[in-house]
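Scroll down for the structure; my scribbles are underneath it.
Residue numbering begins at 1 within each chain, and the chains themselves are lettered A, B, C and D in the order written.
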Amino acid sequence: MKKVKIGVIGAGRIGKLHAENLLHFPQVELKAVSDVYLENVSAWADKLGIPRVTGDYREILEDDEIDAVFVCSSTDTHVSIIMEAARAGKHIFCEKPISFEMEQTKKALKSVKQAGVQLQVGFNRRFDHNFRKVRESIISGKIGNPHIIKVTSRDPAVPPKEYIQKSGGIFIDMTIHDFDMVRYLSGSEVEEVYVQGEVLIDHVFAECGDIDTAVTVLKLKNGAIGVIDNSRKAVYGYDQRVEVFGSKGCITVDNDYPNTALISTAEGVYQDKPKYFFLERYHHAYLEEVKSFIESVLEDRPVLVDGHDGLQAEMIAHAARRSWLEKRPVKLSELQNDDERNFSDCEGKRFPLSS
Amino acid sequence: MKKVKIGVIGAGRIGKLHAENLLHFPQVELKAVSDVYLENVSAWADKLGIPRVTGDYREILEDDEIDAVFVCSSTDTHVSIIMEAARAGKHIFCEKPISFEMEQTKKALKSVKQAGVQLQVGFNRRFDHNFRKVRESIISGKIGNPHIIKVTSRDPAVPPKEYIQKSGGIFIDMTIHDFDMVRYLSGSEVEEVYVQGEVLIDHVFAECGDIDTAVTVLKLKNGAIGVIDNSRKAVYGYDQRVEVFGSKGCITVDNDYPNTALISTAEGVYQDKPKYFFLERYHHAYLEEVKSFIESVLEDRPVLVDGHDGLQAEMIAHAARRSWLEKRPVKLSELQNDDERNFSDCEGKRFPLSS
Amino acid sequence: MKKVKIGVIGAGRIGKLHAENLLHFPQVELKAVSDVYLENVSAWADKLGIPRVTGDYREILEDDEIDAVFVCSSTDTHVSIIMEAARAGKHIFCEKPISFEMEQTKKALKSVKQAGVQLQVGFNRRFDHNFRKVRESIISGKIGNPHIIKVTSRDPAVPPKEYIQKSGGIFIDMTIHDFDMVRYLSGSEVEEVYVQGEVLIDHVFAECGDIDTAVTVLKLKNGAIGVIDNSRKAVYGYDQRVEVFGSKGCITVDNDYPNTALISTAEGVYQDKPKYFFLERYHHAYLEEVKSFIESVLEDRPVLVDGHDGLQAEMIAHAARRSWLEKRPVKLSELQNDDERNFSDCEGKRFPLSS
Amino acid sequence: MKKVKIGVIGAGRIGKLHAENLLHFPQVELKAVSDVYLENVSAWADKLGIPRVTGDYREILEDDEIDAVFVCSSTDTHVSIIMEAARAGKHIFCEKPISFEMEQTKKALKSVKQAGVQLQVGFNRRFDHNFRKVRESIISGKIGNPHIIKVTSRDPAVPPKEYIQKSGGIFIDMTIHDFDMVRYLSGSEVEEVYVQGEVLIDHVFAECGDIDTAVTVLKLKNGAIGVIDNSRKAVYGYDQRVEVFGSKGCITVDNDYPNTALISTAEGVYQDKPKYFFLERYHHAYLEEVKSFIESVLEDRPVLVDGHDGLQAEMIAHAARRSWLEKRPVKLSELQNDDERNFSDCEGKRFPLSS
């Protein structure tokens, strides 16, 4: 059996998740993990039998046996690591966002292109069983042309202040997933963005120049309208639903629940809350996205979520932030030069389903 | 417009309900109401503008202008009133059961037949929007041949002791509706009955020689198996559901709820309890059954629930009681003579839908 | 029993509906109906036993016995009829919108105030069992402070061109109900409106200077954000849902369905489509709104949906249209003078539930 | 880390499933697999890196390093293998049923007791997330004392004739899981069994002296009544639901579905069928049952499903078959001698939840 040899760079929560998932695939050999806080990682890596742990990611890039790397370090390190990895000929899986600055992201994409390596961006939700079903139904024509795409995306709890400060703001940290979802489901690029945002939950967001509640309206090139509603605190748990309304029908997907039990008592009818946060909700989606990346590398075919997808979502996030600050609709073309406007048009491209 | 002139005999809870419903139909003239407790009825009848109220139902039967009567008096009076009404040439709507004794019921049916009048029995649930949909789906062949018919039928609260004592027992008082439902949905007669029954809720049932919890298995002539589960006390409200499993699929109907609201909080996800008891749950079904009876009378076509249906359900109830007492399956043929066995076979008859 | 004597002005679809509903209430005497197309109304009125039918609504206003009128004529006649009715001392129930022009509506409200009569506006959805439950849950504090209010409101089919031309456009014809719903549920006034609208269904809307698909974002004075999505054609039927997300939870209400049946076959699991259009969906809400008006008149207490509510919803509709035309968020204060800004502030007012 | 060394005896569908699941646990070392059809197993074992494959299970029993065995061979070999394994001091996980003959099963249990080893029986459904939730709700008292326990258990397709012939009949092959479920959920032993069974799907069952459709009523020692409905062919897929009705409420669990999508079109509202058959539906339950067994062995605490549970379910199956053949309710005491009647009473024993 042909195997992919992989190194994981950055072993925080998400890096550990990917590493553990990689261990499930017989066609993967997880050769090394790096993290700047070596002491947080050694025992964990030992227990899992990961052969090498290092404090310096360059050791991974210099290992000729390694075919691909997972970039799970902090966002401000992504671009330089991607560029070095590309030069070293490694295929790259990078967590979202690629960077906080569009120019930086473009630099990274350029070096990937020059090196001819694969780059997959961590929009795991495309691999979720529910959202996949929505995309399938749209592709099959069951609901006709999409007219309205609605995304509900709410986190269960306010993150710590240190996280908020480094997050780049709600749009590039949280809504970026929803921007990608609207693109994925509609099969169309975004033309214009309007945001109505507020601090309604916790003043800490105002202190960080950020908001905790936002409604975003997207005008798509194919005429459809996207609407995203975000909250940083849904007390009943992670709330991740989608609805697409089209000329021939409507598809909705609800949250996943831990069980199907309904309890009827003298007080009312009860069920459990939805699954709590992304590790539970997207458990399988994370496995599927890794599997898809491995297959792309092994079979040398294009990844399903590429650098263009990463860049587009970031661009929408930047436009959204500007809309919020300037209290007006913002066209994506305001952020682009003419070349980019052509580059960003994916109308002809079909958003593929994972196999 | 041709009108039906109607008298209501017995104005307890159900008699009042029918009288009030009759006022909704422009093709009905509600001419009179009788009740032995005149003082409980007069003010109510006055307010509704019912022209005549009497303590003696014979006045209604003697009124030549009256076309049809609703027999809503106590069960022990049904047979004699039906017989008198039939002789007086009135069409008859009779609440269930026709009587507590099969021989009595047969006597009543005979006089109805001789008089050539219509007799509809108050199995209102056949006119419910949910159960109608089940019957429709079976007739249309959507689920193929029925194999298993499951009826859940639970009351919200224990009735007063006086009610239990006069009720004739759970089978002829409560389960009789479910026996009719199994016949209606399956389109087949019952061959054998087995009951497992207990007193689990309130000792008052034991004192009355009755039970409060029962599971009844019915073997149908077409091979299908029916299962009914009854309880006299579902603390969450009236529980009335049906499931029919067949060779091509399965249809289930849930309860009706007062609204579609789902509330998600930190504790869980809540909805309101089902509609409370039969007046709310079967509000429309009662209107529909009356409408159907009026149309049958006006257009001189057979009622949708006739004396045969009333007799069959009673016969199953008697067999069920015997099964419970003797702790063994009981064949309906044990209760019948040879003539009746032929008479009771409705295999060739199609249980019709209300229009 | 004290009775209200009522005349109905305009007996098109909605006027007939109200007239028929009025016949259900023993405390109402429906004395007369007027319609300019007398020939369309006479047979219908006869059959229902309505004593007087006229081609001239002034006959109704001049009838001293009549206490209240239902204004169900075409919108362009509302203001003059309201003013005449108010001068004649009649209480008024008026269909939405009061008028197409804010100045006209204000004139009507002024004359109502001067005459000291009641004016209820036909926002029937406030009386719907589902939306009432949402409002109840908010008032009871179950979901905390509302942060996001989402209204889905889609019609089942495109109306005829003649209707579209006279409708005043989607915002004042259709979305006006949703504007009222957001105010009702949030208990707050609207400050700013942004619209993203398109013609995606039928070119006839473009020909009439109108749109068929719209997403509207509302900024409320209490900080909450409202989002409405509208379509003129949901092929699966009338789609009327609401979701309110707050600091302590979230409440959603689904559509009403004709039954609770689920059919599972080899192909999948099926249920019937939601109830078709407003006559079925809001059957009970129409009865309830009329009942509430009658009680207000009989007991001389304020109506639950008054002229202020009518005016506010119209004002939001005008702002929405301007936002669509000018492609920018529009503040309601742009449409008001200083007096009106005070007048329109209902923060202190509690949106009451119908009893 | 302390490890359990395991051998798997019999590598058909279910043996392979267990072997693959065992590979997921770092605290397990899967040392060997045996199967009489060595050629069907070698390539599979190789690919998974299982160190030893043999045609003779005795090699596994003779391996002193092996702590525990999974008995997944054909049912007729279970008893002798269990007895040999017990004598060899191995802990045992055995698939259901232990045997087709009660006397045989008792012999096996006796040798297990004498050897002092653990024996877990493969009632995997106790470890399912939905049924666990039901058991939890009952233990916590949320629905009060159970009165009625309903189990729906239907297979998606008729098995091959060879399978049916060797299956021991529907009760010991299929319903045995449901018998265990009723015991588990109710926390009570069964006293009496009544069966109404038919061949409605495929004549092959009649040819094998078996049935394809059955309704079973169980009288429990705590007074509750159990009802199980079985079919060998639900065209819409595996149908596994449970309902427990009690003095304080009712809990129902629905099937699991592959996604939460609802598609509304002009034809109706659709969702996907439930998960297809046991490998998908009980994927996690199989992992959980293996995990629980490993923990019991490692921590030397009683298994959650022991030999008593296996024997009881078999006894109910035998009574059920007798009831079907003799067309009468059968008491379990008819099958037991006096000692066994005491032995079988688990009223004092609390059916534990897996941790």
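Here is the rule we go by: a residue touches a chain if its C-beta (ideal position, glycine included) is under 8 Å from a C-beta of that chain, and two chains touch if they have at least 3 such contacts.
Model, not experiment: these values are computed from the prediction.
Novice: Please flag the chain sitting at the greatest distance from subunit A, going by CA centroids.
Specialist: B
Novice: Report which of A-B and A-D is connected by more C-beta pairs in contact.
Specialist: Of A-B and A-D, more C-beta pairs in contact link A-D.
Novice: Rounded to a whole Å, what is the gap between the Cα centroids of subunit A and subunit C?
Specialist: Computed from C-alpha means, the inter-chain centre distance equals 42 Å.
Novice: Using mean CA coordinates as chain centres, what's the subunit A-subunit D distance in Å?
Specialist: 41
Novice: Subunit A to subunit B: how many Å between their CA centres?
Specialist: Using C-alpha averages as centres, the distance is 59 Å.
Novice: Would you pick out the residues of subunit C that each touch at least 2 other chains?
Specialist: 234-236, 239, 248-250, 264-266, 272 - these are the residues of subunit C that touch more than one other chain.
Novice: Draw the chains as points, connect those that touch, then say whether the picture is a line, ring, star, complete or other.
Specialist: complete
Novice: Help me check something: in the complex, which residues belonging to subunit D touch subunit C?
Specialist: 234-237, 239, 264-274
Novice: Which stretch or stretches of subunit C touch subunit B in the complex?
Specialist: Residues in contact with subunit B: 1, 24, 26, 47-48, 129-130, 132-134, 137, 142-143, 248-256, 258-266, 272.
Novice: With touch defined as at the start, can you tell me which subunit A residues reach subunit C in the complex?
Specialist: 145, 147-148, 150, 154, 192, 194, 196, 198, 200-201, 213, 215, 217, 219, 223-225, 227, 229, 231, 233-236, 239, 245, 247-250, 327-329
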